[in-house]
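Pasting the structures in now, so scroll down.
The same subunit A turns up in both complexes below, where it pairs with subunit B and then with subunit C.
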Partner chain A sequence: MLLRFSPLTVRTWNRFRSIRRGYWSAVILLVMLLLACFAELLANNRAIVVYHDSTLYFPTYGAVIPGRVFGLEYQYETNYRELQNKYTEEGSGNWLLMPIIPYSPYETTVKEGSYPPEPPDLSRSHYLGTDIAGRDISSRLIYGFRIAIFFSLILLIINYAVGIALGCMMGYWGGGFDLIFQRIIEIWSNVPILYVIMIIASIITPNFMLLILIMVLFGWMSMTWYMRTATYKEKERDYVLAARALGASTPRIIFMHILPNAISIVVTFVPFSIVSGISALTSLDYLGFGLPAPTPSWGEMLRQGTDNLHAPWIAISVVAALVLVLTMVTFVGEAVREALDPKKHAIYE
Partner chain B sequence: MNGVLLSVKNLKMYYPVRGGILLRQTGELRAVDDVSFEIKYGETLGLVGESGCGKSTVAKTLLRLYEPTAGQIVFQGRDLAKISKKEMRSLRQEMQIIFQDPAESLNTRHTVGSILEEPFVIHDKGNARQRKQWVDELLQKVGLPADSNTKYPHEFSGGQRQRIGIARAIALKPKLLICDEPVSALDVSVQSQILNLLMQLQNDLDLTLIFIAHDLAVVKHISDRIVVMYLGKIVETAGSDLIYKRPLHPYTQSLIRSIPIPDPVQRSKLATIEGDLPSAINPPSGCHFHTRCPYAKDKCRTDVPMLESASDNGEHKIACHFAGDVGLAI
Partner chain C sequence: MCMSTNRLKEAFRKTGILIGLISSLTMISSCTNNAEDDQEVDGVNVQTVYVEDLPTYPSKPLPVGLVWETNEDDLVYASPDAKKGGVFRSAMLAFPLTLRVVGPDSNTGLRDLLLGNQFTLTDIHPNTHKIIPALATHWAYGDDGKTVYYKLDTEARWSDGRLVLADDYLFTLDFMRSKFIVAPWYNKHYTEQILEITKYDDYTISITGAIAKPKIDLHYYYGITPTARHFHKLDENWVSNYNWRIEPNTGPYQISKIKKGKYIEFSLKENWWAKDRKFYKNRFNVRSIRLDVIRDVEAAYRHFLKGDLDAFGLTMPSFWHDKAKGDMYDKGYIHKIWFYNDMPRPSEGMYLNQKSELLRDKNIRYGLAHSMNVELMLNTVLRGDYSRLHNLDTGYGDYSNTEIRAREFDLQKADAYFNKAGWVERDEDGIRIKNNRRLSFVVTYGSELHANRLVLLKEEAKKAGVELVLEQLDPAAMYKKEMEKQHEIAWMAWGFGFHPQYWGQFHSDNADIPQTNNITNTKDKILDTLIERFRNSADGKERAALAREIQQYIHDLGVVIPLTTVSYVRSAYWRWVKLPDPPGTKWSDTLFDPTNGDGMMGSTGGLFWIDEQEKARTLEAMKKGEAFEPSTIIDTTYKTQ
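Up next, the complex of A and B:
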């Protein structure tokens, strides 16, 4: 059978598309997300393709290719920017293609006769300049975006999985289970998450997964309320009673009947949760309690920028990137909320 | 077959009323209060009463969608109030329900095909191809176009949607079909179509029907026997002809008098029942109807009337202290 979306879904999608700034923000963000997955091809100190003595090499992914392979005198990893210069001088027909930004986010490049940070310099392909450690800002922005957005997405998925499951159970079973968890959530919500993370970060250095784990531990509560209410409302409706009268099992009722009807509430919160995820990571990194150095991170760059206002390109780039991304996600959120507005969809008879 | 299919004895369904921080029970709402009746195979029982009298709760309690507080629901010799959930699940094939508002009772996220297939999936019947064929047969049986199965409920009119609800209910060939105000939400022009469909299906599939309505005119058309409920209790029960010709309970009398008559000369006689239905959390003492009964006497305010035979064969029962006296007042 052909996959056919419910006309309700189609109508919601069309409404979403008609809200242009939300729709285009979503498109741009998705493209950015896709590009970020292949950031190694955009900003890297390894060449994308090397043509050397009638052989093609693709150094981006995979093992280190030592300099000797390309006729250089050293055994450590090839410096492709130098190799490119060498090829140009030789004119031997060998060539290589560097990424648009030929710098890795971890790599320090120092211009002779001056100290970093360097202002933007198109001739050296530092499009946004370098930071105080001489690392390319544009490259760090891209990798920082990738880390922030995936952090946010993974955090969201785990948070929502826990929140939806627990909220559904609270709403469906009600009674004592509901009562106990309501109180637990109320108490747990009052734990000051920032301080907890600071304390933990001062004892152990958090890594990516550990940071997510801590954030989930103190952030799963918000979605439970919405799901609990939605489930409470849906489970008393006749279609659920009809399913029960047919003998449907509890999992079947929850997954086949209640969830598809309650999920639209969750969808409206997704973009805003992404915003808060990115902001949380950025602020933690800004304070120095986030991911350890030298991980490329927007928060850490923001810190550098505000500490070094004499090098305004740092602060300007990262603030612009932050504002742009967060605004676009918010636009998407607005459009989703608008598109799912029950007032425009419910049929009252 | 003239045996008893379902017999309900002293059924009680109380909702707890909770309050305070710890949600302690502070009272109870007596939605169904000591109700007993029987249904024979192939019969149609009409259950009548105004909104809030507990007739829908009776329906849902019979199916154990709500757990009864007390009493017996003996279905084909087994007490549904006692059996385990697992046994109940397989027994659900034998008894189904049609709801009042088909827009509410059909999941808007599912296609008609998957709604009608669901009964077979739940009870693990047939393979995908057989189920598809059964769905087609069901659509035909209830008079819906064959291409309906890929559409969604909201693409249909109210009457068509109710047909989908009926098709789902008869999918597993139940013996007992409970119709919870199946036509109340529909246009008058569609009501009779649905009623005729139900009667035809009853004939074809040997169904026993419990037909719930708040208005006697609809029930009259379809029922063999009628039970009138007021505030969780049965006030009168009799064969449907008899109850129209000779209603004995003042409440039934006023219900019958409030059926609109298409005759302008007689219209002035159209009577309404004064006042509102009292609260079931705090029901009136004695006879629940005394607050609105034109014949109420002191005894009605203190003593609860029992449901007693008012005819020689016991077919006609009534719960009123002054049954004989007010019976001819109509």
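Up next, the complex of A and C:
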């Protein structure tokens, strides 16, 4: 069965599509997100397919395949780039297919007679060069993007879930509950989050989930204000009264009636929250208080870039990537805001 | 000459930047509580008297027949061209947690500067390695082989103007033995090693150590610093009361200004008592020393290029090769120097804590050593500038076993050792597993500049089926963790002493208790015996042989994986900073220490000076864009290999 959207939604969607800049940014971002999910097939030191002695191997996902399996002399993970060279030399009919970027974000590659960082070198498939530890920048950029965008999305979902729920309750119940939470939020908003993270990071090394947890702990407040106001407004409407008269429970009224009508506020904020999520992680990593080494991260690369201005390819790559992604998300945000602008299509009767 | 092994030295402190220890708490208090933290102190007129009844000690008659010695013959190494004046501006990476030099959290980067201004009875000439006068003018030896008699300099004064008397030395013993200072190492050392200090009159004392030693060792190990008895009121609140009190000292500089979390300023004393003494003349030339907190090495370097700092350590390859380039160097405003020294090397290594069940297995320790691709690290991120440290105690002459070779990166050997320990299976990541446990270790380190080295080792170690989890902590947090023996593998470097010492780091007396230096938690009966024999021997030759044997034994235990070493110091400095010729001494591990040096390795500091006319001329020329001759000095006067 086809999903049937309300005419209002269709109109919003068409309006969004008509804003080309935002629409195409959204398409590109979604494609990037999808590709990032399969980053292992794009940038990896493991081959995508290996054909060895009439058997096909797919090393990308799953366990490490030791070199012995492919007739090499070592037991640690196969170096597929060397294996490829070996196959070419032997001409035995064995073959393998490497990803476009044949480097993992962690491995150090060394060129004889020189020291990292190396400038971009197409012949060695280092499209954007290497960083100061000899790791491929393009590979680190891709994995760094995946971490940043998922960090930002998870952060957003949790922040919004808490913020919306609390905001709606404050708006719906009002009174003492509202008053108390308003004060709590005001106080809580004044905790300097950067200091808190810095202090925690200097005592323990934060990991992905812990960092999200800390950010949520101090970041859920902003959404509550908007939802509180929206709920206050909506709850006075006739349909809420009608629902209440029909005997609907409080959660049902909030989530089935009020929230769908207030959702446009939430949606317009999403892209900007993503931007702030990425920026927060990047700046924390830049300052050295984010995810631990050797996690591929844009902030850490940015730091390397600014510390090593004699190797401009590091800074240029990461700055370009950051500007590109953040601009595109902002374009999407603008388009969403435009599409949901009540002045354009809301009908009050 | 103060306690030598009891100190943690960050490897890159040797680059000339002083690392203090960061304090999150100080950081906050400095944001919120400025008014109270401002502590301005005028020169030497500091309130230093906290004690009402000064402790005095009885005196005994001096034995007859002592042969007094002194040393006014060795060559001076300061330059007669040195000029007084100027401010030497330097940086520390973090503000220290305390101004105390003993007790909790006192092992800070600032400690070197504080101790550089606390003179000892005698110094060691950094080129001839002979004893030279400091607070004592003459010395004589007792017949028992463990007593040294000292005639004190009658003009020596504390920074508050009081005379330094024999009682101040006797008080040192009470002070260091006191439980109130919460310093177990010192308590023990001043009880078990320094047995007695005797007063003969206000300016004559003797010190008796526990065991007979070669003459020069007596000075080094039993020589002490006086402690101002009018300053220290020893009670259970001593540690907290004395965190931020400025202790009277005997050296050329005293703290004159402090802003917590921001900076510390030292000023040269007017009419310092030793300013015309032979070995101190023409040294300690700058009028004041200003240490700003710059929490990042890169930022510090930018400040240096702007002219906010006078000198900057370039020992790290990336600095010397890549960053120390450009206009400022080409136009000769900033000079570079590569100075080879000839001295003991810090023991940089991965210290394996045997509190961890896995690391108690010798096969795992050996396997781990063979899994560390230090060679690749040297040839890539370190650009071949450093070399492999084979023996933890390198550069001690006779006392160093030069036959020890560090375990090399060898996957077959690693494999054999891990298999022997029963770690044969590998999981899907290629990491060895046994009983559902991964062969994984947390490496704790304290400087992001070392992250690249570790990242490389981590990737290479995977080949051997070992996982290294990297844990970068703030230097203070790292130090705390290691002193509490909570780490698995500590990536760190110990400073060095006159001779290697083993009791603190490897004797079972110091294992399994916090706040001692045995961070590998080594408990080995045979090693204990060797260390005790080493400590108790008075014969230089025997001691050297024992040291070599102990080094071999520690190597066989495999509790430390030695890392890298450098035989030089490299710096950049503005052209108005002048150096003598030769620019340093055999034992100089930095050319820009403004104080006497921390007293561990001779009296090496304070040789440079600032030419204020030259500074004005340079600044003027920079404004006009005029260039000078660029300068890169490579000084091999003391190069050994």
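Basically, the second predicted complex is superposed on the first by the 345 of 349 C-alpha atoms of A that agree within 3 Å, B and C clash if a C-alpha of one lies under 4 Å from a C-alpha of the other, contacts with A are read in each partner's own complex, and residues count from 1 in each chain.
The criterion applied here is as follows: a contact is a pair of C-beta atoms (placed from the backbone, for glycine too) under 8 Å apart; a residue touches a chain by one contact, two chains touch by 3 or more.
What you see is a predicted model; the values in this text were computed from it and never measured.
> Count the residues of subunit A touched by subunit B and by subunit C, then name the partner with the higher count.
The partner that reaches more residues of subunit A in the superposed model: C.
> Which of the residues in subunit B come into contact with subunit A in the complex?
Those in contact with subunit A are residues 23, 60, 63, 65, 88-90, 92-93, 96-97, 99-101, 103-111, 118-119, 122-123, 150, 152, 154-155, 158, 165, 168, 172, 185.
> Residue numbers of subunit A touching subunit C in their complex, please.
Residues 62-64, 66, 74-77, 106-108, 110, 115-116, 132-135, 195, 198-199, 202-203, 205, 288, 292-294, 306-308, 310-311 of subunit A touch subunit C in their complex.
> Residue numbers of subunit A touching subunit B in their complex, please.
Interface residues on the subunit A side: 4, 6-8, 179, 237-239, 241-249, 252, 256-257, 260-261, 347, 349.
> Flag every residue of subunit C that touches subunit A in the complex, lowest number first.
That would be residues 22, 24, 27-28, 31, 298, 318, 321-323, 325, 376, 379-381, 383, 411, 415, 426-430, 448, 451-452, 454-456, 458-459, 462-465, 470-474, 476-477 of subunit C.
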